[in-house]
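The same chain A turns up in both complexes below, where it pairs with chain B and then with chain C.
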Partner chain A sequence: MNIYWSIALITFKEGIRNRALYGISLLALLLLAANQLICSMIMRDVGKVAVDIALSSISLAGLLIVFFVGINLLAKDLDRKTIYMVLSRPISRAQYLIGKYSGIALLLVLSVLILALFALASIYLVKGTYPDYFPRFSLAMILISIGFSLLSLLVLAAVSFFFSTLSSSSFTTLVLTIVTYIIGHSLQEVKSLVEAPGLVGIKVSATTVGMVRFASYFFPNLTLFDLKAQAAHALAIPGSYLLWVFLYGIIYIVVVLFAACMIFSRRQFA
Partner chain B sequence: MRIVVSLLLLFVLVYGHVLTTRQAVSERKILAIDLQTPTALPGPLLRLSALEFKGVLADFLFLKALVFIGASDERTTVPAVTPAEWQWLLTILNSTVDLDPMFIDPYYFANAVLVWDGHLVREANALLDKGRVARSWDWQLPFYMGFNSFYFLEDDTAAVNYMIEASGRPDAPPSISSLVVRLAYKGARTDSAILFLQQMLAQTEDDKRQKDFQLRLEALLGIRKIEHAVVAYHDKFNRFPVTVEDLLHAGVIKSLPVDPFGGNFYIDAQQRVRTTSDLRNIQKEKTQDDPLK
Partner chain C sequence: MMQHTEVIRFENVSKQFREGLRARRVQAVTDLSLTIFEGEVFGFLGPNGAGKSTTIKLLINLITPDSGRISILGRDVREKETRLHVGFLPENPYFYDHLTAEELLWFGGRVAGLDRQIIRDRSADLLSRVGLSEAARRPLRTYSKGMVQRAGLALALVHDPKVVILDEPMSGLDPIGRKMVVDLIIDLKREGKTVFFSSHILNDVERLCDRVGIVVKGSLRRVEPLANLLLEGDLEQIFLREVDAAAIGVPL
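Now for the complex of A and B:
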């Protein structure tokens, strides 16, 4: 446990020292300041727009952290060959990988927490200015939505780890992770489209349906974690949904990290 | 000395910056926006490409529509918004509600602007229908659709159905139920229209639209006054008047109401009271000033 923790802590500190984090926070801050400005132009659904912008800012900033900070933290060790120094010590490759992931997860949790504070502040600022235009507002739903956004970021970070173990270039990992993100958010709609092609009047071959079905198990279904619309309109979500999606996220992370560890342990470093 | 030169240089640069900013922005306005090619993707494709940012994209598309109409208010051309631009606006608003079908603002805006200014009533009702389904708790959307069906499309059956749906939804004002009853009686269209407009007026926050509704209400009250006089005339002489002046001469009306839109009331061949303005602003095309103000 100690080994994991020390690697996690080192990674976390390295992440904090990364200047990119400041830039991302600044971007989020700007977007949240824009919230006030944009909401002043909305006629009725001010609450919805305020929540939309706040939650989307968190997602966007979180994504940037995964893409540009998270991937770098692992890739740097591989790129600069500093990994040899780590692996020459009495720790297994799996321990190293899990520890590294824990560090990035810690960084993501902290970043989302900070972003969430700003987001809530901006929402309440708008709410204070236009108290009559928040007919449907649920703080609980907003917090749940932020929590699931965080979970989807953790899933994406795990996927980026998996790709890191496959390729030696951080750029390839970045591209693959971005592609996975895009697929993860379109999978749900593409799957329902090819499974009922008659609705839009297209023909789909059986192979395509099979491929999409296979892809739906391979790639993470990130749409499931996206509860922004529910939070913005304060719609109720059954507890069973939250439970199953939470379990899906956790199991996906464990499976992907397990596969990553297996590949990483057998990998030859040139 | 160096400080003076630096300050002078800074002043010149800042002046240059302000000048170029203004000039570049005004030059941009000269560029014609190609509205013939709608910038919006079809709904399903747009949803797919918006990834997890559907809600925010809907907000920004809506702002685009809002800014466009705001800017068109300052135009001096007649008409201020061309038919192609109305189509563009319709596409943008449709995309907005495809991305977030529960967002009330695009519906509210479409109902106000597309219907009253753009005269795209059927298209607006098709748009509102998406909201009627998605916002199943909201009585306002079927109410708007009912109003449009009754007032513009003159489809009373559809109007009654929408109003029944609206009256059954939570928080619907009780006056809607009386509207349903009134609509079910065919014929009393003016009375229904007055009731409808009073309800619309109560719901509208936009000042310009409120003035417009008030004007229409005033015109309709004038029509109703004459209609009552026509009935009184018929009761008295057992025949229908030919002109509104007949009503004055017969003494069934003391004075003729004035059409706030600048038209003249008349009685058509079916004994229906109408106005030459057709409840549209006929002065607007003649003078630059807005007669509403």
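Now for the complex of A and C:
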């Protein structure tokens, strides 16, 4: 435990002192501050818009943290060979990877928590100004949505770890993680489309259907974690559904990190 | 000198790399057998690209040999516990930008299972020995190259290892920094540690080593006590002769 915690802690410290983190947080805070302004200009469905903007700001900031802080924390170790210093200690490669992931996870949890406080403040500020536009409002749904946003960021961070173990350049990892994010968000729609092409009057070859199905086993279905619309409309979601999505996220992380550890244990640091 | 207990042992170790798109095979280390004894300062010499760093990476388990076996203190280097007694300074070390030297040493001590108080005491002592006491709480990104190298040395020694492996410890250091490294290696020898270091600065090797190994093109051409080698002449002459001999294919 000591080893995992030590690695997690230096990773967290290295991440939290990174100026990029402050830049990203500042961007998010500006977006949240703009919430009031945007809502005052729209004057339609203000409640929905306010929640949507606040939650989207957290998602965007979290995503930027994964891409530009999280990936750097692992990939820079490999790029600049800082990893020699770590692996020359009595640490196994799996311990290094899990410790590193825990540090990044800690950083994401803390960032999202802080952003969530500001997001709630911005929502309540709009709600206080225009109470009439909030006939349906569910704080619980907003919090659940933020929680699942965080889970999707943790899934994406795990994916970036997997790519880092395959490549030695942080740029390749960044590109592959962005591609995974895009695929992860469109996979569900594409899958529904190719599985029932008749509905929109198109024809899809069996190979394409096979390929999309195949991809759906590998890439994370990130759409599942996106509950912003439900939160904005204050729609209730069955607990069993939430539990399944939660388990899906956790299992995906465990499997991807396990695969990353397997590859990493065999990697040659020439 | 206690030259009886084996500390580092290479047994017929070979390593090949595949380079480029066509996966051209490059023989980095060929059939290396070498034993280093307790309390010895061993200098590993060779021109650039001779396989010095590869050998050291094999020793730290950053890469694994294609064939052969490597052990430190009787334990296979693939076991992580082996590294509990090993201190390592990589060539041109690079540490975390935003951590301080103190935090770096805390990490080194913690993962070796040291107690907080012991880490604090050893850090203070080591950082003062490498002349970084005043910079101990500054982030490493503000350090000069020499300072990073010195922080790396302190990190390599924080857990009081029995074996110290240094990859080009003098590279990029000014004369003061080099003297500090030399003094540190002399101290380690006095403490009975085993030191294995690679270098191509022959002056330092002559000053420090008990035994010397000369590696050229991945093959170990000579392993002898320094005093014996020096009977044949200047270390530089012997070194250049071995490099030339390897170039024209003179067998070992």
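We take it that the second predicted complex is superposed on the first by the 269 of 270 C-alpha atoms of A that agree within 3 Å, B and C clash if a C-alpha of one lies under 4 Å from a C-alpha of the other, contacts with A are read in each partner's own complex, and residues count from 1 in each chain.
Just so it is clear, a residue touches a chain if its C-beta (ideal position, glycine included) is under 8 Å from a C-beta of that chain, and two chains touch if they have at least 3 such contacts.
This one's a predicted model, so the numbers in the text were calculated from it and none came from an experiment.
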* Scan A:203 for contacts with chain B and chain C and give back first, second, both or neither. => neither
* Of the two partner chains, chain B (first) and chain C (second), which one does A:80 touch, if any: first, second, both, or neither? -> second
* Does chain B (first) or chain C (second) touch A:90, or do both, or does neither? -> second
* To do: Scan A:13 for contacts with chain B and chain C and give back first, second, both or neither.
  => second
* To do: Using the superposition on chain A described above, determine whether A:269 touches chain B (first), chain C (second), both, or neither.
  => second
* Asked: Counting only touches as set out at the top, which of chain B and chain C does A:185 meet: first, second, both, neither?
  -> first
* Could you look at A:2 and tell me whether it touches chain B, chain C, both or neither (first, second, both, neither)? => second
* To do: Jot down the residues of chain A that show up as touching in both complexes, chain B in one and chain C in the other.
  => none
* Structure fact -> Within their complex, chain B touches chain A through residues 44, 47-48, 51-56, 58-59, 62-63, 66, 100, 102-105, 108-109, 205-206
* Structure fact -> Per the touch rule, the chain C residues reaching chain A in their complex are 17, 54, 57, 60-64, 80-84, 86, 88, 90, 93-99, 103-104, 107-108, 110-113, 139, 152, 155
* **chain B partner contacts - residues on chain A that touch it in the complex** => 38, 41-45, 48-49, 52-53, 55-56, 59-60, 181-182, 185-186, 189-190, 193, 200, 222-223, 226, 228-229, 232-233
* Which residues of chain A touch chain C in the complex? -> 2-3, 6-7, 9-10, 13-14, 17-18, 80-82, 84-85, 87-92, 95, 268-270
